[in-house]
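Each remark here refers to the structure printed beneath this line.
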């Protein structure tokens, strides 16, 4: 299980907490599991998110491996200028 | 549309063109003669990207009709270098990294050339006010001003040595701080 | 993939990286030969022009193009009917490039014509009749949020709330970030200050208006020449909007005359392509400056509440902010990034930032250099400054005390890696500027700023030529000298002189996909890919040397531009230079090339501290910037001149935003200042020299330690200047721009 | 559109009388071309007066000056004698637009464009400049402030155009000055402009004054009350305060994108004070 933290306004989507544990070995696994378990997350994932693993930002690279003790954070999809 | 036939000299070459009567010199240079060095950044004389010299006078080519160029001697950025030898300002702009995107650069070069032809020892303030009609959004002007001042210093060295003029900041009629 | 940190490389002395070499496009740009967007013409080319809505909000009842179609010289007219079904992700762009049922802002495109000349196209526009039913409009962010505001989009229901509301509104989404308990934190504070700030919309102000030439042939294949920050983006978007196979559209990026985020999307490009499709001729479109200001993508205006608590020793106990940004007529303002970035410089136990994404009858906002971050930083850094003043604390010391550092938890969630904020603050504290004397009516301000920086999809191809030179193709338009920095990194890696590498921007048919030039990513990501491509080529060069020498490839090493035997055991062989091997390439196995296709990661965030002195004329409210110093972490400055240039340019754009730039809408919702005369970007005589201090805290995510530098430089200036003016005027400024009337009003003089 | 470049005033007058539709006289063209670009005017004909040799010159007219309508602001700035005589007028002309615009723009054009914010107009009005108008029946002269009726409107009749601007003789102990306020340091339209010309007596007391306010009304405002605040004083602090109050009171500005009413009224006073000091000091230097 990997603990996934979400940005504030996604809390209601995962039941009110700021994090949730899901099964998975890659970012892709985590997003898929979250989408299946929480409809609110499915909507957010469909619109696009950025994921950080141990502080490292991944915009759309989903095959990045994650381990149980990694710090994983889901954030809005970023754009730059 | 009424067409006008115009005879000019551009960068030393006798050049004739026809243009619509209400067409600007800038459009004539760019679209009729393929001289696309002068740029249109605003079309209203506010950005200086289309700066050219007409009979030695710095003007915005967007604020002049092509028809008005009859009999005029026009210099554009394309005429600044002597063959493969860059004008000192062109070289200094490169040395000082005085350009980022480079779209304002032709206008700045022509405007700066016009300044140095009149004043080979401008103060920083004189450079800044002379170039106030040339907008640059990339550089913050710092490196451009340095390039112009450095060119002036080199050009003075190259000509006969003169004692430095005592310069006073020109107040003119501007009210700022 | 992630290129692993190469600590040895970072510590080594570079031969080329860090040197101020000439830029490869320099001569073209000083001689007028460089070809920008509007400099291209094609045989048989038509001119395209757009008819735009004069109303801020209106139903389009009917468009009659019949008279215009009959005008001699007119070859095509398009309206929204010419843009058919498309993917959901493109719907807003489709509606923004050509209004459908409603015109949503002053300047919204309604129709377009292609004709044999600009003057015929102008006449044709006048012959198009549009029946509008004018609707109530709203342009102000706070007004747009009110329950009785005119609803712009009746299908917009606020997202991000516990419960989706039943009624539509102009509020697109709520975002929240943070951790800890802010109310508890405020109780621990000795002083809590709460303020509301407002900023006006600004424009990127690139000097080159949008321009393109589109040519669609009868065979269904098209070509485009575009000034853009991302020609692959233009290709995919245009193909998607017009139902063309991506492979049938080849897009070439012209030289680009500034973008700053404003050229990361499309406006006229799909329209030009639609006209070309219809006319079966190439079509050139160039926006006027008025069109650029009315109908491209300015930044948000904002309204921000901030509350921060501080102890007497300077410890920040809690920070809370609510940011409201209008992003024009479509959802997607930069408010989440503002909310994420605003507290990022500080390591806080209790922090919360709430963002509201709001729509209004204004052009759809586009990215502008660190999108959303400058306004947020302005509000937070202003309150921190005020707390320091009230508690008589040194503003740099307080920032150092609270500053985020390696491993600290960012206000937006994750933990930071190796960061350089403290190093910029230390540099500021030790700079003579900090101790310099100030005169009457003069003040000094400091502020910090943060930006994320991106990597992203990147493809690079490196070809070793027969004479030992190298062609390097990248797919990220060069907006400020990146061909120099990327070429230099490839040359460094190969061990050859920088002028032996020619770096070009390849078209979309010649290279794999590349994300746009944005997010301060190009020198980082394309540079990383160029280094990887060079390493790939080096591997092949070593193989050839091994073949020539008849030894195993692992007995060959690459050093200083030469293949050498790895040890005496490998035999005695004269080193082979890159040129030596290149000359024999055909005979030893064919062309030698290196490639790299990555989704670059490890961009490494960036921090800056700005310091500015200003003088206020108490009689007129005029503000003069006297002195300005930028301290920013560049990781490793590949080409210091252009790093300085990014620092200076960002600072001066910030000066414009802080002092005089603003979108001014009249009561009827029309833009009042669509020109450089009254949209007042800084001119040369407004400014002092902009001093720069490059701080280098290497980014472990890049082989040379590079961090993006383009965007962070615009984050601190609004706050730094406001703090400086507040110091000079002895009154807290809470509204931008600090134009003379606004300053005089704050001073109580009018 | 047709373009004409007559070689004489007579020919220009004839063209203006006979050309059909909307006819514009063009001197520097720096306003006209902007208006054409913006679609605010679509001339059927343009009569360019720059080919009329006589209008390209600055000449002495008696003890005063005659500045041809096609003389650019830059050329005025390069005329040392003119600059010495009427520095306020020349400086005002040299504030119009950028260096590039200076190379084309003329004070006659600045006047005839009839913008309330024209920089050179308050300066000219302050020194009592006259516009020389050529027409079918010969020439007539009119005070510059009388030529403009309202924003964009002049009293010129069809076939008339301004041929030159006449500045009076600069007498002893006269000094003029023009100041304008803009948000930046260059390139803006005046938010307020103030032209002042005053004459001191041998003891330094102000004998006569003219104060002209720009951009605070539909046309330039010649304020008798402001002048009265100076006359009879040594232009000391008290007089300057009275001047500032009078100018703020006389200003009748509007709110627009360039400034609010209150701001403009306040600035009119501030600028008048500063301009009066310059004019006073110049008058003293000229004794």
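By written order: A, B, C and D. Residues from 1 in each chain.
The rule we apply is simple: a contact is a pair of C-beta atoms (placed from the backbone, for glycine too) under 8 Å apart; a residue touches a chain by one contact, two chains touch by 3 or more.
What you are looking at is a predicted structure, and each value in this text was computed from that prediction instead of being measured.
Within the contact network of the assembly, the step distance from chain A to chain D comes to 2. When C-beta pairs in contact are tallied for each pair of chains, B-C comes out on top. Centre-to-centre spacing of chain C and chain D amounts to 44 Å, using the average Cα coordinate of each chain. Once the centre of each chain is set as its mean CA position, chain B and chain D turn out to be 28 Å apart.
As a whole-number value, the distance joining the C-alpha centres of chain A and chain C reads 26 Å. Annotation for chain B: residues touching 2 or more other chains are 1, 20, 22, 43-44, 46, 129, 131-134, 175-176. In chain D, the positions touching at least two other chains are 37-38, 181, 185-187. Multi-chain contact residues of chain C (touching two or more other chains) are listed as 204, 260, 288, 620, 622, 676-677, 682-683, 685.
Interface note: chains touch in the pairs A-C, B-C, B-D, C-D. Put simply, chain D touches chain C in their complex at residues 37-38, 181, 183-189, 191, 256-260, 262-263, 266-267, 270. By the touch criterion stated above, chain D contacts chain B in their complex at residues 1-3, 5, 26, 28-30, 33-34, 36-38, 43, 46, 48, 50, 72, 74, 88, 91-92, 94-95, 97-101, 103-104, 177-182, 185-187, 271, 274. Residue ranges on chain C touching chain B, taken from their complex, read 20, 22-23, 25-27, 29-36, 38-39, 41, 118-119, 204-209, 255-260, 286, 288-289, 441, 479-481, 615-617, 620, 622-624, 641-642, 644-646, 648-649, 651-653, 675-677, 681-685, 687, 689-690. Chain C makes touch with chain D in their complex at residues 288, 290, 619-622, 659-660, 664, 672-673, 676-678, 680, 682-683, 685-686, 739-741, 744-745, 749-750. By the touch criterion stated above, chain C contacts chain A in their complex at residues 2, 160, 162, 173-179, 204, 260-262, 264, 334, 336-337, 340, 352, 354, 367-371, 412-417, 451-457, 518-521, 599, 601-603, 701, 710-711.
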